[in-house]
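Read through the structures below before going on.
Presented sequentially are two complexes of chain A, the first with chain B as partner and the second with chain C.
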Partner chain A sequence: MSEKRVTPARKEVMESSLELLLIEIVRWFVYGWKNGRDPQKTDAGNGSADVDQIAGSLNRKLALTNAVHGMGYDVGQRLIERLSTDHLKMETNLEVVKYICKDFWEETFKKQIDVLKTNNKGRFVLQDNNFRWIRKASRNDPSQLKVEDFLTFPAGIVCGAMNRLGVDCTVSADAASAPMCIFTVEIAQPPNNSRQQ
Partner chain B sequence: MSKVNLQRLGETVFQSSDRVSAELLALTYGSTVKQLLVDYEEPDEVNKQLDQMGYNIGIRLIEDVIANSKIYTISSFVDSAEIVAKVAFKMYLGVVANTVDWNSDKTEFSLQFDDNPLTEFTELPDRYSDLWYANILCGIIRGAYEMVQMKVECKYTKCVLRGDDTNEIRIVLREMLLERPPLDDE
Partner chain C sequence: MTVLMIISPKNRPVFEAVIPANSLSERQLILSQLAIFAALDMVDEAMWSSKDLYLKVVDRFNDQSVSAFVTPGNHRFMLLHDARQDDGLKAFFNKLYEFFIKIALNPFYDDEEPIRSKAFSDRVRHLAQEYL
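What follows is the complex of A and B.
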C-alpha cells in the first residue's frame, strides 16, 4: 500500500519551476497577454459598441478560462493514472473524495486538505488553509493578476482526477480569504442514484 | 568560480529548495504545449509562441536565480555559460548540462543535456515532427540573459523526442548591452 513512497527513482524539480510556469499559464491563457501586453487594450475597436465590447471581452475571458480548466482537467486525469494504481478500488463518492483530500492533495499540492465538509447531497467543500500554488501569485504583480484566476487550473486538475476515478462532478474554487482556498465539488446526481454517498 | 564549485553550488541550492515531482511539471508543461497546438496548429508557430512564453518567464526568473544562488556578478560570457549549465539547470530542472562546441571567439556554445524533465512521458506524433517540444527553454535562457545585459540567440538543435541521442541548445552571444539609465522614467 505504501510502496510508492519509497520508489527510489522519483525525479524532482524545484517548486519554483512549476510556480513560474503556472504564472505564465495564467498570464498567457487566462489574460491573453502574449507579449506582456493586455490584448483588450490593444484590440479596442472604434468605440461605438461599448456594451458589445464588454460582453465580448467577458465571453472571451470565459472561453480562455475554460481552456485553462481543460488543461488542468487533462493533467488531473493523467496524474491519477500514475498515482492511484496501487490503491484499493474506491466504492463510494466519499471514499474518492477522501482519497483526493489526502493522498492526491499531498502528492500534488504537498499537503493535505485541512477541512472537509459535505451537505450529504453531493456537495463537498474542501478547505486548504495555505494553498501553495498561489504563494508566488499573490507576491507577483498583485495589482494585475487576480489570485482566483490561479485556481482555474488546479480546479481543473481536481475535476479531472475525480472524473478519472469515476465521479462525475464540477469543481469551482474560491480564494476570497487567500492564502486559504476553498474548492467546492458538486457531484452530479444520477436519476437512479446508482452510487451511494 | 570553478566548474566543480558551480556544480556543488547548483546541487546545494537544489537540495535546500522546496521541490515537486518532475512528473507534475512535465504534465503541466505538456498541457501547455497541447493547448498551444490547439490555438496555433502549425508546429513552427507553436515553436515561436513557446519561445515567447519562455522569454516572459526568463525575465522574471533571473531574480530567483540570483536570490537562490547568491551569484551577484557574472564576469564573462564563458562564466555565464557554466552558471546556466551547472547552477540554473540543476536548480530548476534537477539536471546538469554541459557546455560544448565553443567557437574560437568564445561567443557561441552548445548546451547539452541528456535528461530533460519537460519531455518525460511524451512522444511526438509524426505530424508534429517540426515541433521543438521544449522550446520554452530557449525563450527562458534568452530572457534571463537579457536581464544581465547580454543579448543572445537560442536555438534548439537536438531533441531526444526527435530521435537525437541527446538534447542540445545553441546559444550565440549577439551583443553585450550597456547599462544606461532608462530614457523615459516617468
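What follows is the complex of A and C.
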C-alpha cells in the first residue's frame, strides 16, 4: 500500500467568501428564515404586521445569539483541537488566555490581541484594535443589523476554544468603537480550584 | 497483545482496540480495561508534572505497563502493552493524535460519543502493526 500523507496539504479559500458567509449567516438569523427578504422591501403592511415584526425581531435576536454563538462554539472547539497539537500543556488559566491571545488569534484572525487586561478574579478583557472580520462593516447603517451582531460568532469561537482547553467561561463582545472590539471573558470560579489563577 | 483505549475529558471511553484482534478472552479483556481505568489516576497526577503531551509509562500491571498521551483538550490515549515495547510509542501516539483530530474535526461528531468509524479503526490497526 502506498504511503499516504496523514495530514493533507493546507487548502486555501478566498477570505472574501468567508466574510460574505459570515455576513449572510447573521442576516439570515436576524431577518428570519421564513421570508429572507429585507423588511424594507416587503409591503408596508398594517399595524399588526409591524407588531408582529417587532416581536419577531426580538425572537430572532435571541435565535441569533443562541444559534450563532452555538455554531461558533462548535467551530472553536474543533479549531483548538487542530491548532493546539504542538503546544505543550497549559497549566494555569492565564496560560490558556495567553495562548488564545497569541497563537490562536494569530491563526484565526491573522494578528495577535493588542491589549489584555485582567482583574485577577477570573475576568479577562481582550482588546483587538482592528478586528479583521468587521473592518469593512459600516457603522451607521439604519437597518436592524448592528456591528455587535457580527461579533456573536467570534465570541462563540473563543468560548468553545477555551472550554475545550478546560476553562469554563462565558464570552461577550463589544464593538462600541469598531473596528476596535473588546471581548470579555468571565471564568466561572469554583470554590476550590485545582487550577491556580 | 496490546490494548488501546481513548478516554474523553469527561472520563467516558470513546474508542477501544485489541491488537491483534480477538486474541483476548472475555475475562482478560475485562481485566485489561480495569488496568487501564486504574491507571487514569496516575495519568492525572503525572500530567501536571510534565509539560509534554506524551507521558511515558505511568503504571504497571502484572508484567505489562500502561503508557499514556494526553491531548490539550484532555482526551487520554492509553495503551496497555508488554513492558519492553516502548520504543516507537511517541511516534505512534503522535500519528494516532493526527487521526483523532480528523475525527474531531468532523462536524457530525458529537463530543463524548464513541468513535464508530470503520476507517478510523482500520487506520489504527494498520498503525499498530507498523509500530508495535
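We take it that the second predicted complex is superposed on the first by the 153 of 197 C-alpha atoms of A that agree within 3 Å, B and C clash if a C-alpha of one lies under 4 Å from a C-alpha of the other, contacts with A are read in each partner's own complex, and residues count from 1 in each chain.
As a convention for this text, a contact is a pair of C-beta atoms (placed from the backbone, for glycine too) under 8 Å apart; a residue touches a chain by one contact, two chains touch by 3 or more.
Please read all numbers here as calculations on a predicted model, not as lab measurements.
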| said: Do chain B and chain C fit side by side on chain A in the superposed arrangement, or is it a clash? | reply: fit
| query | According to the contact criterion defined above, which of chain B and chain C contacts more residues of chain A? | reply | B
| field | Which of chain B and chain C A:L165 touches, first, second, both or neither | value | second
| said: Looking at A:A67, would you say it contacts chain B, chain C, both, or neither? Reply first, second, both or neither. | reply: first
| field | Touched partner set for A:F29, first chain B, second chain C, both or neither | value | first
| request: Scan A:K110 for contacts with chain B and chain C and give back first, second, both or neither. | output: first
| After superposition on the shared chain, which partner residues are touched by A:L18: those of chain B (first), chain C (second), both, or neither? | first
| task | May I ask you to decide whether A:M90 touches chain B, chain C, both, or neither, giving the answer as first, second, both or neither? | result | second
| query | Does chain B (first) or chain C (second) touch A:R78, or do both, or does neither? | reply | both
| query | Of the two partner chains, chain B (first) and chain C (second), which one does A:K121 touch, if any: first, second, both, or neither? | reply | neither
| query | Considering only C-alpha centres, what angle arises at chain A between the directions to chain B and chain C, nearest 10 degrees? | reply | 90
| When the two complexes are placed on top of each other via chain A, what is the minimal CA separation of chain B and chain C in Å? | 5
| query | Where on chain A do the contacts with chain B and the contacts with chain C coincide? | reply | 74, 78, 82
| Residue ranges of chain B touching chain A (in the complex, touch as defined) | 14, 17-25, 27-32, 34-35, 38, 49, 52-53, 56-57, 60-61, 64, 68, 91-94, 117, 120-121
| field | Contacting residues of chain A [partner chain B, same complex] | value | 10-18, 20-25, 27-29, 33-36, 67, 70-72, 74-75, 78-79, 82, 107-108, 110, 140, 153
| query | Inside the complex, what are the residues of chain A that reach chain C? | reply | 6-7, 74, 77-78, 80-82, 84-85, 87-91, 164-166
| request: Spell out the part of chain C that touches chain A in their complex, as residue ranges. | output: 9, 47-48, 50-53, 70-74, 95, 97-99, 101, 104-105, 107, 111
